[in-house]
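Okay, here's the structure, questions in a sec.
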Amino acid sequence: MKDYRIYFIVWGSLLALTFVTWRVSYIDLGVLNVVAAMVIASVKASLVALYFMHLRNESRLVWGFALFPLVFLSLMIFGTLSDVLFR
Amino acid sequence: MDQILSVQGAASRVAGEVDSVFIYILAIGMFFFVLTQGALIYFAFRYRRRKGEKDKDTPDIRSNLALEALFVVIPSVLVISIFYYGFTVFMQMRAPIPGATGIGVVAKKWLWEFTYPDGRKTVNELRIPVGKPVELNMTSEDVIHSLYIPDYRDKQDILPGRYTQMWLLPDRTGDFQIFCAEYCGEGHSQMLARLIVMEQHEFDEWYAGKAGEELAAMPPAAHGEKLVKDSGCLSCHSLDGTVKVGPSLKGLYGRTVTLSDGSTARADDDYIRESIVDPGAKVVKGFPNVMPTFKGSLSDKDITDVIVYMKTLK
Amino acid sequence: MPGDAHIQDGPARTLGYETSKLGIWVFLLTEALLFGGLFMTYTVYRIKYPELFYDGHLELNRVFGTLNTVVLICSSLSVAAGIAAIKRGNVKLLKHCLGVTVLLGGVFMTVKYFEWTEDFARGLNPGTDIFFSLYFMMVGVHGLHVLAGMGVLSAILFLAGRGKFTAGYYTPVEVAGVYWHFVDLVWIYLYPMFYLIG
Amino acid sequence: MQEAETTASPAWRGYLEEGGIRSWASTLDHKRIGVLYLFTTLFFFLAGGVFGLLIRLELLTPGPAFFSDQTYNEFFTMHGSMMIFLFIIPGIPSGLGNFFIPLLIGARDVAFPRINLMSYWLFILGIVVILFSLAHPMDTGWTFYTPYSAETSASVTMLSFGIFLVGMSSILTGLNFIVTIHQLRAPGMTWLRMPLFIWAMYATSIIQVVATPVIGMTFILLAMERIFGIGFFDPAKGGDPLLFQHFFWFYSHPVVYVMILPAMGAITEIIPVFSRKPIFGYKAIAYSSIAIALAGFLVWGHHMFVAGMSTLASIIFSVLTFSVAVPTGIKVFNWIATLYKGQITLETPMLYSLAFIFLFIIGGLTGPFLGALATDVSLTDTYFVVAHFHYTMMGGTVMGLFAGLHYWFPKMTGRMLDERVAKVAWAVIVVSFNVTFFTMFITGVEGMPRRYAEYPAQYQTGNVISSIGSAFLAIGVGIMFWNFIRCMYKGAPAPANPWRGLTLEWQAPSPPPTDNFEEIPVVTDWPYSYAGKGAADAG
């Protein structure tokens, strides 16, 4: 029953975090709004990946393929920003 | 050396520098070309299996750390030097020249329009004085174009909705080719212009408008002909009846044409004037609505002269 | 790297569990980059036009967005529970869980339908401005993935009904589940990007 | 041939034996799928080649000669798009890769045979959609730069969907190969015992799965711009046309390594076999494949130095561009070092491999001109670029493909090629290739821009020479294909291992049976032990 319990805890945390991010968006924090929203989203995404998608128990190879796109995504974004922001 | 690299040779200050970078890379390239191709051909010949030769015990060479390190280090050093050289010259090319005269460039399908500080416009012809820096401030009315002057070794894309710049410092007089180097559709290869670099006094004379007065004194039909040739009309409209992007001008005047909405119109003075000022108003059936307006670049008198000229194209 | 050399055993056509898992993760890599292009566009234009994004996000209906977030999170839970069930051989629970997930996917799409209807009625469409272009593109592409996920899970549900899965063999369930969670994961980012911070 | 064994069991019959369209269309056999890909892509090589010839025909004269400017623009667009999307990208990876990856790693098939078949049919579906788009032929060039592509009357939307489908097929193939290489290697085949073709294909597949989705999204956005008027690339709506170029080159630069890496892999297999000597610098070649694949993602901006990109970005991308030069150089040096003190026989596969190295060196050495900022500004969008990429793509990739086709023809068909005819074709192709494309370096340096239907008369000499060369090139390719077709039916029966190679595919009969190997081979060594005793064993 351990895995069911973990899933429910993760589910509860996800709902709680959704509530938090929703409330925070009504408070004007300037740039911090964006940071807060993206940090909370990343925590939620990590929970989904680690527990629901079982990344926690996967081999290093699968970890590699799971993190690989992030490298390329940041490459793509920073490469393009090096143009767009400095024209 | 100039003759090897270009038809006319470098004609602006930085162009010579670009050629030096070219020669530097060429020299490194030639060295490796001779080295690698020489080794390739020599080995293939020297170590070939001769007729009737038995299987040999070839040496079991799997790697050689020193040699492989050399393969990494030498090219790395050389490419870094190439980058650095190319980078320094590029910074010179892209550095604004203080005190440069600003000339506006509008690129559109498929002609170039140059606007001088006093507001005068030329089409497909850019006249500048020798030895004086010029800043081209360029934008496009439709798609991406690119202003390319082979003899200046310089090129810059021209985008809609944005200005890009190019700095020219001509070091000798002459008549140079300007190409559009970014594919822009049907008339791409006819989107040409001339860069005419003149002595300062000649330029001053031209700029003071004496040349313009001479033109005004020309007979209307001759003036009209010159306008048609200089304004880029011929990229799309032929004079001999061949259909290009737009209808041929031959025999157009006075004819009745079918428009894209099915109605007809007689190509009289008013029609032609409207087609020059507001080309999209009445488009002849079967042709794309791509002609740019010449409002502002051709005066009323200019248009009248063009019409006079068109009457002669029977 | 040499440590991961799995040695094949018997004919290659029997799909191993590990092989399929690796396959779906490589597939998710490409999915991530498919969305990645849109995320890049979002970043570029958000930096370029902050006001446009601020004004735009006020036009969107936060209630629908939040509701859909909750719906997807619940659907993820039910898939995860379904996989836990089939690991124990409980096919019945698996079928219930999958049924709930597909249903929640349907709820998500229905909410989306009402939301878009409302948007269109108010004259907001993909051509309105860059913000709405991005909104409709990203949410639309995500929606297509939800539909695809519903299709896959329905197929799994059908196969489960025919008794294809046991405690010893549930590879397709696991793979489909990972895919569904990914769809959820993308929405977790889209929700604040459009509804909250704009 | 292995007549006695073919009757033993269905799985042990030659893979070509079962006939009928249906058995081919629904086949899960990686070899058959590979053959289907080869036929399809080679067809588009010939079709794209015809458009290339039409381009050269028109360029015989400075003015309009045979076709209108618009027709010319459609021709070069068809030439580029067909060659790139339908021939050169899927050619070696999906064709030779499908056939030989499982054979070279000692597997019975790829990891997901059904997905493999599906990706072939997606490819065909994509082609059908693309062919429908010919109703309004494309005139955008293969680069589809906005805003031109967003407003032209050609059926860009339809074509976008076609290319999206072809891209999906490419992704699924790459995915299949990655998993296959990870999971299905024969016992004992560690990473450092893998043939270098496999290393190259692994690097290729990584690029395919990472880069292709980006171009898929790019084309979707382009289509949406045309359908719904979304404004990401439209300056009138606040969009940025350069963003399209970033998108496009984020895919299209790495993808040139999808084209060249498998060709490099193929000749890396061939050179040691015909030199009877171990490959020099195995690890360096293996790791440089991976390095090229990864570095290939860092350099896309070098296509945009004059596009209006920021100076900072230009500098970053220029310096990163040179990071690709080093691993590429390593490979060339190692191939040449492999020849040293070998016992070289010049059969056709080896001749094409040597031609590959020769032409690729020229293509490679002209790269720095375009990577260095100052010279790129001058040379980009001229015929210099056209010459450069034809030297790498045709001189490189296509020569590598030809080398691979000649090398593996006996394995694929069970028949030997006519060596004499093949050598004649080789000589004609190599000479006429240089006549055609080397001239373009000179016209390019003289300043002739690309994609010009009409050009100033001063460039005519160069263009006429190129056109004449292209005619002979066509003749050479024609002879080669004629040789392929004739020998497919009439060639001498091939032994299992005609070239005395040590990689695993030569342990299977020619042509291989459906399940490839009677027993999965156990690998105890790397496949390049050609020195000394190893050479005798291979006989």
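For the reader, a short list of remarks on this structure follows.
Note that the chains are named A, B, C and D in the order they appear, and that numbering of residues resets to 1 at the start of each chain.
Operating definition for what follows: a residue touches a chain if its C-beta (ideal position, glycine included) is under 8 Å from a C-beta of that chain, and two chains touch if they have at least 3 such contacts.
What you are looking at is a predicted structure, and each value in this text was computed from that prediction instead of being measured.
Interface comparison, A-C versus B-D: the pair with the greater number of contacting C-beta pairs is B-D.
The centroid of the Cα atoms in chain A and the matching centroid in chain C are 14 Å apart. Put simply, the C-alpha centre of chain B and that of chain D have 33 angstrom between them. Chain D has its Cα centroid 35 Å from the Cα centroid of chain C. For the pair chain B and chain C, the distance between C-alpha centroids works out to 49 Å.
Looking at chain D, one finds that residues 182, 210, 214, 240, 242-243, 246, 308, 311 touch two or more other chains.
Multi-chain contact residues of chain A (touching two or more other chains): 61, 68-69, 72, 76, 80, 84-85. The multi-chain contact residues of chain C, meaning those touching 2 or more other chains, are 4, 18, 22, 26, 29, 33, 36-37, 40, 44, 48. Every pair of chains that touch is listed here: A-C, A-D, B-D, C-D.
Listing the residues of chain D that touch chain B in their complex gives 69-70, 73, 139-141, 143, 145, 147-148, 151-153, 235-236, 241-242, 275-284, 305-308, 311, 314-315, 318-319, 322, 325-326, 329-330, 332-334, 336-337, 339-346, 354, 357-358, 361-362, 365-366, 368-369, 371-378, 380-382, 445-447, 449-456, 458, 528-533, 535-536, 539. Interface residues of chain C facing chain A in the complex, by the touch rule stated above, are 4, 18, 21-22, 25-26, 28-29, 32-33, 36-37, 39-40, 43-44, 47-48, 62, 66, 69-70, 73-74, 76-77, 79-81, 84, 87, 174, 177-178, 181-182, 184-185, 188-189, 191-193, 195-197. Of all residues in chain B, those touching chain D in their complex are 5-7, 17-18, 21-22, 25-26, 28-29, 32-33, 36-37, 39-40, 43-44, 47-49, 53, 55-64, 67-68, 71-72, 75-76, 79-80, 82-83, 85-87, 89-91, 93-94, 142-144, 146, 148, 150-151, 153-157, 159-162, 164, 177, 179-190, 192, 244, 288.
Interface residues of chain D facing chain A in the complex, by the touch rule stated above, are 182, 210, 214, 240, 242-243, 246, 250, 297-298, 300-301, 304, 308-313, 316-317. The touching residues of chain A, counted against chain C in their complex, run 3-4, 7-8, 10-11, 14-15, 18, 21-22, 24-25, 33-34, 37-38, 40-41, 44-45, 48-49, 51-54, 58-62, 65-66, 68-70, 72-73, 76-77, 80-81, 84-85.
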